[in-house]
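Down below are the structures I want you to see.
You will see chain A twice below: alongside chain B first, and alongside chain C after that.
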Partner chain A sequence: MSPLSDNLELLTPEFALTGLAFLVFALDLFLPEGKKRLLAFVSIFGLIALVVVSLVMLWDEEESLYNGLLAVDAFALFFKVFFLGMGIAIILMSMDFVETRLKHQGEFYGLLLFSILGMNVMAQSRELLTAYIALELLTFSLYVLAAYAKDSDKSNESALKYIIVGAVSSAILLYGVSMVYSTLGVTKFDDIAIGLAQATNVSPALWVGVGLILVGLMFKISAVPFHMWAPDVYEGAPYPVTAYLAIGSKAAAFALILRFVLEGFVPAAERWEQWQLVFAVLATVTMLVGNLVALAQKNLKRLLAYSSIGHAGFLLAGITVLSATSDLPSNGVMFYLVGYSITNLVVFAALISFFNMTGKEEITDLGGLADHQPFLAACLGMGLFSLAGLPIFAGFTMKFYLFTAVANEGFLWLAGVAIFSSLIGLYYYLNVLRQIYIEPTPTGDNGGDWLEENPMLAERPSWSLITVLASGAAAMIWLGVYPKPLIDAIEAASRALMP
Partner chain B sequence: MVDLVWFQLLSAVLFVIGLYGVMSRRSAVLIVMSIELMLNAVNINLIAAASHMEGTGKFSNFDGQLIAIFIITVAAAEVGLALAVILRMYRNKSTVNVDEINLMKW
Partner chain C sequence: MNDFDDIAMLLLIVVPLAGSLSMMFMPGGQTKETWYFAIFIAAVSLALSLVIFINYDYNQGGFQYTVSYEWLPGPLDINLSLGLDGISAPMILLNGIVLLGGVLVSQTINYRPREFFVLLFALAAGVYGVFVARDLFFLFFFYELAVLPMYLLIGVWGSSTDFGTFLRTKEYGAMKLLIFLVAGSILVWIGILALYAESADLGVATFSLEGLGQLAESGQIDADFQKWVFPLFMVGFGALAGLWPFHTWSPDGHVAAPTAVSMLHAGVLMKLGAYGIIRVGMFLLPEGGDAWMFVLITLGSVNVIYGAMSAMSQNDLKYIIGYSSVSHMGYVLMGIATLDNIGVAGAILQMFAHGLMTALMFLLVGSIYQKTHTRDINVLNGLASRMPVNTFFFAIAGLASLGLPGLSGFIAEFMVFTGTFRTYMPLGILAIIGAALTAIYILRLLARTFMGEADERWADLTDSSPVELSVGAAFVAIIIFVGVWPDPLLRVINVGVQTIPGV
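Right after this comes the complex of A and B.
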């Protein structure tokens, strides 16, 4: 047993991120109103510095901290850099929105940083309690962020729904933890795998425990039938927070699930084969329901909520086929997460920019966007193509890679369902595109001219949003054409998890 | 010593009562109380398991009690947040009845 204080310096990025968050909170007290934009820059530069520090300090490290509670390995490093980079993009995207539409800007960035800390620890944790605390750090920050538009009824409602469903799901997850603990007496992932493999006659209590832990996690990634909260929360939350929910919290939950399944389930091969069927059914239902219900949506945020449910289904299909012998499925899931996040960043950046100009969020409001804002329209169009999975964008390579892995592991029917549901997805993504490029400009609310009622539409999007849009679109095409460098990094990451 | 299974039964019953409360209550505050009940059911389960396993050789750790303490702390923070949101709701809409909080559906 190693003393608890060994190798503490490996957690430097986490300590520094905590410090950065407190620094932002403290600076907020002293900055006069109107200068709060500085806080966003402090956060962005802090995050960039942290990316560099993590890469320099933790490259090629393979350590277990606190007697096996936290892992410092290539997998954790990969997700750390991913989450920090995503945080930078989200802050860039929210700057204008926060400045014009929200009060108390300093806390917004502080909470965002705390939630990134939670995500980082989630990707590192190898023990149920640690994972739970990290998960709660993330979701508590998100509860507050969802409620951030204090005077908006919709924001209140979304926060209330989120907090109730979130609290119930973590209670379910904890009950699962307590059942696993009372039968096996352990909470570390690898000990759970040993316990599962050794028990010749697995007691029902253990089944219930593991099942409830999974139910709790399925709530967090909004898999059907635990998805009902997602569309409401997404619609009501402020726009940047919706983007953050769709990208960040989902990616973090999948990072945790990947580690939990690969370290806690897959080594117990016999049991994992039984659970694979459960995952396969969940994945099928999630893909189909997410994509089918999205067909009927009129609100852009709700459409993206259902689309993110559908994508969670694809990712679950990847989780289903995780195995001890091949790293193809885990590579596929990670690649999908990166591609999906970048694509969604582009789509949301374009929609936030549109919302900043008009304050509208219905699909029909997008009519004629290509005439007023060609750049926004082009980026949004590329993002939608990528979400639908069309070639030369990240969406195609990520789906190709993941579905190949699914089919390779013998789940041909699951790959078939996945391809069928992405065909359904094509319809509603292209429907939005039709709205942008073909439909005429709608008449204004007061019957006047659309452009006169929304004069901002004639102006250029702000530089921060253009930065995100341009770099996101470039990354999307790069990943669609030449994904090799990223795949190399992902392979190194998933080797760290392979038994 | 009372058998472990009775504690587990108690905890399961409390958990289910809490879940029922979440689904059937109309007032947001009472829903939050029901969630607390669920979390405390978890605590009973953990502490009973930890103290029963003590000395059997198989389980020589205090993880159960530790997790329970963490859960109590987190639950307190959770209630704080939930009540703040409910308060906001009451200021804006003068109601905490969840049936009337129905701006967004489907």
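Right after this comes the complex of A and C.
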């Protein structure tokens, strides 16, 4: 079959997204300063239209394009809708921040759209080099976005660290790809599985190659011991970009890992059992280190960085137990990704709103927030409870589901470690909650009154942030109380990957 | 009536939960209106509990009012299955009574009353949920829901205690309580996952209590497996029941909590722990229970003696009651561990009796503290002449807790003693010594605080408010009623106890 005979219509959402990004770039040239907010609306409506288009066009499609380089299946569709929706939320969260604190608004949204394109292709790719290109499209956009606060030393430092670490990890990944290709002669996931299963006398180069690919991916999800960059980058990057890093890039990397492991490893059952131990160790270390180091953090962004490392550990525990016989683990990972992303959206939206009002990002700055901003405080409080894994929020059900899957596959000890790490997490989330609800309002920087120095604290949060907060909180409770509709969608998605 | 049967359990959970949610949207700052609304919700809850309790058919026994809604289909097989049996029926009644009492005396909450009641009702919904859940997932869900609001309830509305040389802050009490309870729930969670994995291995993956119970009954669950999983539940749930040596959160937490929260927590929430040991541990892991019961009864007797000794040496009224709870929960644990039908029934009756008297004591102490701003029994004296009714009620509660015949504590403790004597004789003697120690610290408290000449500074002291006194009177009436005529409770409890395997 020649590539040209493929049904390219199935890639319409990707083409349209590219077009939307260029449209935003082009409009930016003509819009006068002060009207740039329009670009955000163009992006949002474009994304909403794309969600509809994707759902209508790709519903029940099950195809492989370009000789199996790209998949158009329920799994890809699930993540496509997920990433587009997240993009909408992130743009809503960024609008005020970008308008008041950043220059070159047009490019900000354009780059954001390109990174979403990268994520979408990542969830679709079934071949190492395609995945690599998609990954680079995502990270290159993120490098620029992390440096977006041009006048801030921290932002520059953050971007530089991110580029260096990102480039190194990409190089490692690429080197791994080349070694796998040199030994097996293939780069498609399912061919790798066949190669792994058939190889009787496995050459060390193959092991090293696969190992290097995993190291590259572990960098992207900031698994311990490849996590060192995350706290610094999170702290320095502009707030909405931090949120995007913690939610978007992580979810996309996990989507890729899910497909890679399920199509490239799990069918080679014997080999996968050996790799499971590697993943189990990585998961254990990541959960424990992420949550333990978070205890010592004073800066909100760093705290959330370590918390996101801890959550990556939980997700890795889910990856560890992926199996060919049960879809429980892959469902669990996807459920956790969605629940975690929504929860983090709420937390970040509340913190960005607070930052817009005060420009502060230390934990102690939150003192007395419940008195000044009861709505923000309530949303943030619910988000923290959800991250800590308490009912009636998404955090509880997603943890229960994922850990059940882990225990059910014979890794009860790993589930135990995960549950224990959640307890550590609870402690630092509660400390933030204590600031919000119990501690008194701090005194201002100049020794004056906190409210007088931060007059915006008396005003309402902007409507765009309220939208994200309210709908996010509602979704969090919905997933915590009745997740069945989502689980149904997830089951359809993971069936596409089951051998 | 049948329609009511179908939704009764759901209503029990939904009423407080809906109350909690709708309060979130009430305008803030309207202290009085918020309180009235809270009373309304609590009264409806109590009425529901009462109707449900009365209509529980003890001739028929077993689970009644059962409903089941599919929540997640297989392979997880989680259902929102609810129902009520003889063990949980008295517990929901207790929760209804203590909840209404707690809400009524929360008249004095002036700081953000709306948020206070939102959290208090979330807690109450969680407690109801645990007692009526027939599915491990939902049992755990509601269990966590009951624990979660505690941190804020204590941290925001609680009070710190100054010991002169050091300060026990409310934040400390709240954090300690939550960390202990969540640490306990970690063990419970691991145990639940282990049970699920075991049932999946046996080919019937399920979280349903009945499904797992059938596996246990038919002896399919491996005995060795039971022996290592049972202690997870014993210690995990035990931590909430104040099991020694995991009890230290309890006095600190109760002292820091505001009155209504102390009442609910010591009165009902600690019972969740003991209930969990019965419902999950004994029903699903009978052989594991058999093997570990001597440990539980030993620790329980340590609870009794240690709690009483600690209470004797405290000077803070709330600490005395806090340690007395530890001591009394020891009887509950001992009664459960006897695996004897009288002992276990006694334990459940003790849960009910202790819930009422400890709630009453916290209520009265709260009232004293409100007026005198101290809880030090070396400073307080002669209150009997200033607060006669409060004193009278306190005396009743105290006498009930030391087991005076005619009051609720007597019959319950007597049954526990009987059960213990039939199984573990020497520990029974220890338990009776514990009762004697109770007499010492209760009488010491009564003598120091209420008897003697009243100090000059208490000259203007008046008795507790009418609301507090009427709640107190209701509690006293129930304590006497149960003491004189325990049959309505016991016949329900007995049909529940008969269904426990191995009893």
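To be clear about the criterion, the second predicted complex is superposed on the first by the 495 of 499 C-alpha atoms of A that agree within 3 Å, B and C clash if a C-alpha of one lies under 4 Å from a C-alpha of the other, contacts with A are read in each partner's own complex, and residues count from 1 in each chain.
Keep this in mind: a contact is a pair of C-beta atoms (placed from the backbone, for glycine too) under 8 Å apart; a residue touches a chain by one contact, two chains touch by 3 or more.
These numbers were taken from a predicted model, which means no experiment stands behind them.
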item: Contacts of A:Ala171 with chain B and chain C, given as first, second, both or neither; value: first
item: Which of chain B and chain C A:Tyr181 touches, first, second, both or neither; value: first
item: Partner chain(s) touched by A:Ile194 [first = chain B, second = chain C, both, neither]; value: neither
item: Contacts of A:Ser326 with chain B and chain C, given as first, second, both or neither; value: second
item: Partner chain in contact with A:Ser158 - chain B first, chain C second, else both or neither; value: first
item: Touched partner set for A:Val144, first chain B, second chain C, both or neither; value: first
item: First, second, both or neither for A:Asn408, with chain B first and chain C second; value: second
item: First, second, both or neither for A:Val285, with chain B first and chain C second; value: neither
item: Shared contact residues on chain A - chain B and chain C; value: none
item: Chain C-touching residues of chain A, taken from the complex the two chains share; value: 326, 328, 374, 378, 385, 390-392, 396, 400-401, 403-404, 407-408, 410, 412, 415-416, 419-420, 422-423, 426-427, 430, 433-434, 437-438, 482-484, 487
item: Chain C - residues contacting chain A, complex; value: 24, 28, 71-72, 75-76, 137, 140-142, 144-145, 148, 151-152, 155-156, 171, 175, 178-179, 182-183, 186, 189-190, 193-194, 196-197, 200, 205
item: Residues on chain A engaged by chain B in the complex (per definition of touch); value: 129, 132-133, 136, 140, 143-144, 147, 150-151, 153-154, 156-161, 163-164, 167-168, 171-172, 174-175, 177-179, 181-182, 185-187, 205, 231-232, 235-236
item: Sites on chain B touched by chain A in the complex; value: 4, 8, 11, 15, 18-19, 22, 28, 31-32, 35, 38-39, 41-42, 45-46, 48-50, 53, 58-59, 61, 63-64, 66-67, 70-71, 74, 77-78, 81-82, 84-86, 88-89, 92-93, 98, 101, 103-106
